[in-house]
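Below are two complexes that have chain A in common, paired first with chain B and then with chain C.
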Partner chain A sequence: MNQADVTKLISQLRIAVRPSQRNLKNSDGPEGRLLKLRKTVTALMKHERIELYYNRADEARGYAELVRIISNGYNISSLHSIPIPKQLISNAIRHGDRHKATMELADYWLLEKQLVHKLFKVLVPRYENYNVSYTRMYRAPRDYPGMYYRQSVLELRGNPYPSLVMDQSHNRNLLHNVLLDEARKEFRRKKLADLVN
Partner chain B sequence: MSRATKLHKASWCALSQLQQYRTKSNFSTSIASRNELFAQEQRRQRDAVGRIDKIEVRYLGLPEDVTLVMNNHISTPFNCAQHLSEGHCRRTALALIDGSVPWDMHRPLQESCTLQLLNFNVSEPHVVNKAFWRTCSFMLGAALTRAFKTEANLQLHSFPGPNIKSGSFIHDIVLETQNWQPSKSEMRAISAEMIRLAAQDLRIERLDVQQEIAQEIFKDSKYKSEQLPSIAQQNNGRVSLYRLGDHIDISRGPMVASTHFLGKCTVSAAHKLAEEGSAGAFYRIQGVALPCGFKLSHVAYGLLEERSQKLNPARLPHEPFEEQQQLQLS
Partner chain C sequence: MVKFIKMNVSRAMSKRWAQQCVFNRIVTFSTKPTQHAAAVSEPAAEQKTVSTPAAAAAQPATTTPAPTTARKPIVPSNYRFIYPEFLPDPKVEWRNPIREKLERLDMLDRRRQIDLPEFYVGSIMAVTSSDPHAAGKTSRFVGICINRDRCGLRSRFVLRNVIDHQGMEVVYELYDPTIQKVEVLRLEKRLDDNLFYLRDALPEYSTFDENMEAEHLEEGAPVPVNDIKVVLRPRPWLERWERQNLLGVANIDQYIKDKHRKSAERVQKPWEKFDMMKQYRSTIPEEEQKEVFAEVHTELHSMELQRKRNKRKRTFVKPKQLA
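Right, the complex of A and B next:
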């Protein structure tokens, strides 16, 4: 009846997440897992692009995403009663830096406290109008010979580094661009001919 | 390992590959004899090298410029890439000798030279694109040979030189029917055959032979044996042949290293060009393709597909023969 729409209370992730968590093998159990993830999320916020094992990256990614949802001022009073979602960025964007729960969340996930400022002053403005995920993940080659674990690169979108994927849209000589350009020319010729007749 | 053992291994591989194809119902004896002749000539040329001379190949490019000492008339650009990394072997579609001559990846080097390895993403990819388009036409021939039953009496005629701007690669064939109107699912079956070829990751080998041997190889193909004299005449009595799996065709080349470079591919249209003889007709099969790793949205690719259905303006096969050959050799 007058219940709030639950889907609007919690930020929606823009990435696919596994239904079950990975335990990230360590001697300290669940706490150790969280510490590992906090370290990763902190490093991601700090360096904006990190290379690490695939499992850990994929696990940390979801938490980092929601960190950012936190910081946009949004209907704060109604949200005090609900449990804090775990994700950092999306929450940061959603509630802004005047929201106590969000601040606590940022304080928990970012081990280096100067990054809290970065989160609200740099990352939140950057991602305010994004309609895609805030992080991006690539598979990376693994060392040979070396550990068998799959490697990956995790990065924040809009980072200042050169892109990791090849830019295939600007070189007009690439095969698909040649084909598309010719198709466009032919279309224009046809339009012009139609106009003349 | 002695050379004899190596050769034995190579021919054993070829044989097992052949046996694989033999299981197919439409594998004819003429294809088998063609392949046998091709392999024989390949072996003969390899044996004729005799004493092995060393050449210096100066490789220019990433990760660093190096000089490789290779075997004359034996080592290929692919062997040079093997010295660099697996990635080079996998990615390189075509080699560039002395900064200007495009060279097949699996064609032995003839003298000391500089070497560049090209892929589809280099800043000036005209040569690679052209080679890719030519390879697509060649592969289309192979796909058609596999797709048609023997009752259809398919004869490959030729494929004109690659023209990417026309929007489609083509292969001209002769069929024993004058009113073939392929349905959508039939075209899709041929496209699937192309994709299957790409998935098999077949090496594309080149062999330069004397005209007599080429005549012997194509003795049961009416059109090819008609074309051979004029091709050989323009090329000092030699003809360059290409082989992909069990499919052999004449082409000036160069072609890309392997079939796995074919990514998205659609065989889009078959146009009847002219009647041939009492019951047959020329058909022009057209298609469009992108190299693997090129991403294009469905809408954009749909536009390309649509455009590739229009009849390609390249020289028609039933027009005077010499001019046609000029085009094929371009």
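Right, the complex of A and C next:
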């Protein structure tokens, strides 16, 4: 029975979070795990869509989401369901401190410094009004014969690439398409009848 | 259209009646949907009542009373510091939403019976509890709170004092029914999350007078942080304090050797402040906290008001002895 740590207030992630972390295989221990994930997060921010092993992608995903939430949450109140009055937030010292902490985090997690600018100038405005998670993960086929590890694709939402999943909305067997077809037919029939009369 | 509005009104009324009739406990289980439904159907009801408030008062059977709208409670942001035990366990495997909810109800029930004031690690408290072996069947222990842990009904705290040159610690469960009274004699915080290092400090730092009087803190004033630096006695210690980055200890460097310094440096984990997922897993997310406190806020707030009223009464009645 632990007591929740109340010193930090973090917004809820919109992804499923595992109860415990995976210790990614590396020789440097817990620090090496973060150093590894740092590379993944940087690559994700840079390329917006990457293909990698499932475990590493799943671990990196939470960090990528949290980098975004933290960079988002401290200057915009859009993440809070009830907007907090400005006076409350802009307690000068606290805000400055927070801002500094955010920059420190971004500095640690993004190895290329131009990506810090991208984070604050491109990604934060992009996700300002998002109600879903900021990243998306797909299971990818593993190559055979080859490494047995599961493959995955990790991407930022709203990236410029074509979608990876097929657009099924034009399938003629979908109920709303069936109904639309019937409505169209009926309209044509009506028009024909009008023409005849 | 009129029919539609009427239907809405009657639905809102039935909702409200249902809310009033249903036993209080059960309502707390389903606060969210009912409140939401009431809020949704409210505009339709208001359209009728607002224009003729007198008529509404005259015939309460046909129109709903407008002023008792389901207003969203504004939960103060410091509730998570005052009532951390209301937040569920951050360990996902041990979560059980129904048990947590029932526990919260029980905690509120207990708080209705006994005044459990706000306190922090570092506050000086007096706890009176039933004790079959004591002379008057009760025992009162005064001490400094050195730790708070566990959540829900099992939440507990440790009080420490030095009595007859002997360090004493008592672990109290906050919601233990044998506790009769909890007083906070001095409300303050310390620099560290727990004060276990007082066990290795000189006894004067954990010695408190048993007949100490409660100190009055002004209403609305922030809880003062006592930045006292404790002086440790020489080694051997109960724990390796040099490894714990303690803020409230003055003289660790005096007693440790180079090898201790080196080993302390080796076990530091400076990367942990960047491990956001670790922090995330050790906390309850903001949205969930809001939900929990929205559920218990009204009760807790009314209890706070009652406490304030009692305090004022007491201070007014008590005559002062002069000279």
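What we mean here is this: the second predicted complex is superposed on the first by the 136 of 197 C-alpha atoms of A that agree within 3 Å, B and C clash if a C-alpha of one lies under 4 Å from a C-alpha of the other, contacts with A are read in each partner's own complex, and residues count from 1 in each chain.
Rule of thumb we're sticking to: a contact is a pair of C-beta atoms (placed from the backbone, for glycine too) under 8 Å apart; a residue touches a chain by one contact, two chains touch by 3 or more.
What you are looking at is a predicted structure, and each value in this text was computed from that prediction instead of being measured.
Within the superposed three-chain model, A:175 lies in touch with chain B and out of touch with chain C [touch as defined at top]. When the two complexes are overlaid on their common chain A, residue A:183 makes contact with chain B while staying clear of chain C.
Contacts of A:30 after superposition on the shared chain: chain C is touched, whereas chain B is not. By the document's definition of touching, of the two partners only chain C reaches A:105; chain B does not. When the shared chain is aligned, chain C comes close enough to touch A:2, but chain B does not. Touched residues of chain A were counted for both chain B and chain C, and C has more of them.
Residue contacts after overlaying the shared chain place A:17 against chain C, while chain B stays out of touching range. In the complex of the two chains, the chain B residues touching chain A come out as 120-121, 123-126, 129, 132, 164-167, 288, 290-291, 294-296, 300, 303-304, 307. For chain A in complex with chain C, the residues that touch the partner chain are 1-6, 8-13, 17, 19-21, 30-31, 34, 59, 62-63, 66-67, 70, 80-82, 88, 105, 108-109. Within the complex formed with chain A, the chain C residues making contact are 72, 77, 80-81, 84-85, 87-94, 148-152, 154-155, 269, 271, 274-290.
Here chain A touches chain B in the complex through residues 166, 168, 171, 173-176, 178-180, 182-183, 186, going by the rule given at the top.
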